[in-house]
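The structures come next, written out as structure tokens.
Next come two complexes, and both contain chain A; in the first it sits with chain B, in the second with chain C.
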Partner chain A sequence: MSLFVAAARLQIGQIFSDRDYTIELVRAPLLAVVFLALVRQADRPDLLANALLAPILMALFGMALSISGEIVDADRWMGLLEPTIATPVPFPRLVLHRIVTTTLVSLIIAVEVCLVSIAGFGIVPVVHHPWMFAVVAVLTLAAMVGWSLLMSALFVATRTARTFQNTLSYPFMLLGGVFVPVDQLPGWMQPVGRLVFLSWSSDLLRDAMAAPPVTSVAARTGMVVLLGAAGLGLGLLLLRRVLRRVRATGTLGLR
Partner chain B sequence: MIDVADPRVDTATPSLVGSGPLAAVKAGARAMWWASRTGLADFSIIFTVWTWLFGWGLRILAQVLFYLVIGSLLGPGQGEYLMIGNTVCLMAVHSLLASASLTWERQNGTLPLLVASPTPPALVLIGRSLFWIPDGLVCAMAAFVILGPVAGVHFTAAALGWTALLLVLTGVSCYGLGCFLGSLMLVVPDLRNVVGNGMVTVLMILCGVNFPPATLGPVAHAVSAYLPLTHGLTAIRMTLDAGGASAAVGRQALLEIAVGSVWLVLAVVALQVLARRSRRDGRALFQQ
Partner chain C sequence: MTAVEAIALTRIYHQKGRPDVTALAGLDLTVAEGEVHGLLGPNGAGKSTFMRILATVLLPTSGSARVLGHDVVADHTQVRRQLAVVFGGDRGLYPRLSARHNLRYWAALYRLDGRTAARRADELLTEMGLADRADDRVETYSTGMRQRLHLARGLIADPRVLLLDEPTNGLDPVAAHQLRGIIRGLADSGRTVLLATHDMAEAEAVCDRVTMINHGRVIATEAPRQLARWITTCERVDADGAGEEVLARIKELPGVGEVTSDGDGSVSIAVDSRETAGLVLQRLLDSGVTSVRTAMPSLEEVYLHLLREEAR
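Our next item is the complex of A and B:
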């Protein structure tokens, strides 16, 4: 527990001391205005859940890309990597704790979007299946942690974090069905989209907000868990391999 | 920018700056030309052909497609509206990257040298990020050509030609705003991406990218008239509807130029004020 507290303090300090990291906190409420105005202007109240969830999921993924993804790379820049790796604490565990902290901080975005909806559009978000919504939200955050670790390891392995950060956002938002469900995307995109855990999460979260009963819950939540675990497993594997390589070649602090 | 050891330079000739307004314009143009080439060199470091094509290019197409499919879900005609809006918005996305790239000069440590030089720093800083405009044009035209037919937009050659011209104009106009924001970011460089991205999203809300500017009420509508992108986007929608240019398109284009010019003048003034203040108090780093 003390490790988590220390990691969380370090991570929260980094997030709020670098104002560049607040980008999603600024952008998400503005995107909420875009989507809510779109739905109102098109007179499609049935798409309200899509408009509310899209900016939250986009920002959640954005923070995973820009903050969690940069953890190892940023540590290397700041000269924190060497002393951290030299401590007896397993490095992947420390990174995971910091990623969990970032993911929890990104929950501020959900509050922001709800405030925009209520104060700006007079719409109070309604969740018809709150328990289902809570369970799927937790699983989505857990899966995001897994994929954040993979991105963190990938960025440091390839040393092209910025290229990935600039490239991955919209393709993942599209394939993750954050606004338009994957089964309504062009046919060739659907199988690819189903490999992105967000596509299962966003469908389930939208269904949990709607009145009709949610169907095939076990299989669909199982896919979120499975794909999240795949991200986590690959991330751990890659991070350990990167650590082994930089130790063997003596290039830990070198870029 | 001229190497004094370069044997091709005749040291006996008069000063490069010379005197008179024409010489000053020539010297300014020369400074801006070199600044734009420096920016282009930066761009070639950020992207290789492959990372641009399969990284940035794919992301840009995915961005327009993301809004196109939202439009298709919303109802008939919406896909086309959102596709055109978000494609033209790519010019703003690129031009407003100047708010971040203007600060590179500070990060590189060359800002004090610029402030100390006799050339106005505003010329160099504004010329340095010009490369975003052709980059935006290529992306927007690619999105039009590739995704236009998907959205049911069919162009005549004339409409496409006019659209390209209006895209350049819109990009230049947005560049004025990008440079103004960038000039402010020289003082707070860690906010460069936050402000640039935030402003792009504000433009998406107010300028008719996803819904008509009047949707959010009369105040928002009035504000949109003073922002770049609004008139350029209206002109492009008119051009694509009519299959070519018209007097109304020309009027919107002139309004876009006027708005962009005001923002560019504000950028020059802000940069000059910051440079003068830095010279006066000796803090040639534009720090607070």
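Our next item is the complex of A and C:
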């Protein structure tokens, strides 16, 4: 069994054996119902892309925080970190495989939201620029993996995962333009929002669903790649440093 | 060939606002390949710290340690390929996954291919008596079953060196006996086993040699036969209702050490051999004292004895 398959099987088993981990799979369709009902009530078909993408991106980010971010911390809590580190497998690679699996599992949410839209509201989501949408979606997922790794390392470094998680969740989604495009946030907030890869991703995905041609594609997708890579690089660096530090301080196995 | 070698190994824990804690203070130890070596000491002696350094999950403050010739700091990848560690306790397995799933996952971490992993998992589940429950979630297992699964996890990649950190901790006597039998069986396969324990009887039953450590230092390394001698040497006789007169006569016996009375009529008499214990018992019974018993020494008592010996 390859390492990826083993890590994927483990992670899928973990996700579906814990109700807390599947909460986003329940919340996302409910949020989709609320957003789509609001769009219909306000008679704003121009906001359909927002209503469809918001619950998906929220859930993707939520799963990245709650599941991927907790991978290392949960293993530590269960006394698994020390025996895992003591194996020949490079630990960051193992964590990455598990995060990729979680991110792929979270794609179920996109299917759920589409089903809600079609079955509940009779709206078939239309993507006017499908290739661009696909490319941006893949890049967004890759960036999500990078930032999940960073959060995973941060959670070990701080050992206050839950507080960190709860504090970060909504501000990041707001700054990521998940609910409202960053351009419509107060002026001082916009530069901060542009540091969050989600702000570029959500804008591009909304634009790819709309009919007008998408402008500055290369620069904007470049920002998703750049910020995603920054998250991945920082995550790897931090995870290695944190592991070295906890091995030195003797706190690797502490809860 | 030397399987494990520690030279002047020191580990100091620095804690903010508290004094430093020296867990290992220049520990020197050599374990030959194929040996089952016991590491005996009370809680806080430094056993687990030593295990963690060998398992490469903790860095030493100074000194060096080698496993099969590989330095645990500089060559930690080589060490990890040939060594497995089993920490005691309930933690250390994915509780919501089955035993089989857990073992296959760990097999992948040691780069075993799918077929080999499945075969090894089946073999070990049978060997550990878990085959019937192999597909049940680990969270439904008893402590004894979990400990056996821990051991199976440690053996999945057939490591040349196996570290067992108090594997029978928390087990009932039957489960502990069963696990000791399995550990003894490992020696026959030519594996090197380093067993940390605070149970003298366990060390005596399982190990080829035993090292006693305290405060991070080696006190003595001996064969279990010598361990049995230590125990006998520190044996004592406890009695209730022994009068001053009989105690005075007992103190005159050769080989009788300290006689301590706790004020409520019970007395504890240290003896240096089984023969002396027999004489003491005889004198007590002759004087009409019927509430008498011999007691094995505690680990601490043996330590005190060894430290006194060392000081002479």
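What we mean here is this: the second predicted complex is superposed on the first by the 254 of 255 C-alpha atoms of A that agree within 3 Å, B and C clash if a C-alpha of one lies under 4 Å from a C-alpha of the other, contacts with A are read in each partner's own complex, and residues count from 1 in each chain.
Just so it is clear, a contact is a pair of C-beta atoms (placed from the backbone, for glycine too) under 8 Å apart; a residue touches a chain by one contact, two chains touch by 3 or more.
Keep in mind that this is a model prediction, so the values were computed, not measured.
Colleague: Let's test your reading of the overlay: on chain A, do chain B and chain C clash or fit side by side?
Modeller: In the arrangement built by aligning on chain A, the partners chain C and chain B fit side by side.
Colleague: Can A:Arg241 be said to touch chain B (first), chain C (second), both, or neither?
Modeller: Neither partner.
Colleague: For A:Met173, is the partner it touches chain B (first), chain C (second), both, or none of the two (neither)?
Modeller: First partner only.
Colleague: I'd like to know which partner A:Leu185 touches here: chain B for first, chain C for second, both or neither.
Modeller: After superposing on A, A:Leu185 lies in contact with chain B but is clear of chain C.
Colleague: Once chain A of both complexes is superposed, is A:Leu47 in touch with chain B (first), chain C (second), both, or neither?
Modeller: In the superposed model, A:Leu47 contacts chain B only, not chain C.
Colleague: By the touch definition at the top of the document, which applies to A:Val33: first (chain B), second (chain C), both, or neither?
Modeller: first
Colleague: Once chain A of both complexes is superposed, is A:Met78 in touch with chain B (first), chain C (second), both, or neither?
Modeller: So A:Met78 only meets chain C here.
Colleague: Looking at the overlay, what does A:Arg93 touch: chain B (first), chain C (second), both, or neither?
Modeller: neither
Colleague: After lining up the shared chain so the two structures overlap, which partner does A:Asp18 touch, if you call chain B first and chain C second: first, second, both or neither?
Modeller: Both partners, chain B and chain C.
Colleague: After superposing the two complexes on chain A, what is the shortest C-alpha distance between chain B and chain C, in Å?
Modeller: 12
Colleague: On chain A, what residues does chain B touch that chain C touches as well?
Modeller: Comparing the two interfaces on chain A, one with chain B and one with chain C, the shared residues are 18.
Colleague: Could you please specify the touching residues of chain C with respect to chain A in the complex?
Modeller: 11, 13-14, 49, 52, 55-59, 77, 80-81, 83-87, 89-97, 101, 104-114, 117, 153
Colleague: Across the complex, what residues on chain A touch chain B?
Modeller: Touch residues, chain A against chain B: 18-20, 22-23, 26-27, 30-31, 33-34, 37-39, 41-42, 44, 47, 50, 160, 162-163, 166-171, 173-174, 179-180, 184-185.
Colleague: Where on chain A is chain C touching in the complex?
Modeller: So the residues of chain A in touch with chain C come to 1-3, 5-7, 9-10, 13-14, 17-18, 78-80, 82-89, 94, 247-250, 252-253.
Colleague: Spell out the residues on chain B that touch chain A in their complex, using ranges where they run on.
Modeller: Spelled out, the residues of chain B in touch with chain A are 46, 51, 55-56, 58-60, 62-63, 65-66, 69-70, 72-75, 78, 188, 190-194, 197-198, 201-202, 204-205, 210-212, 215-216.
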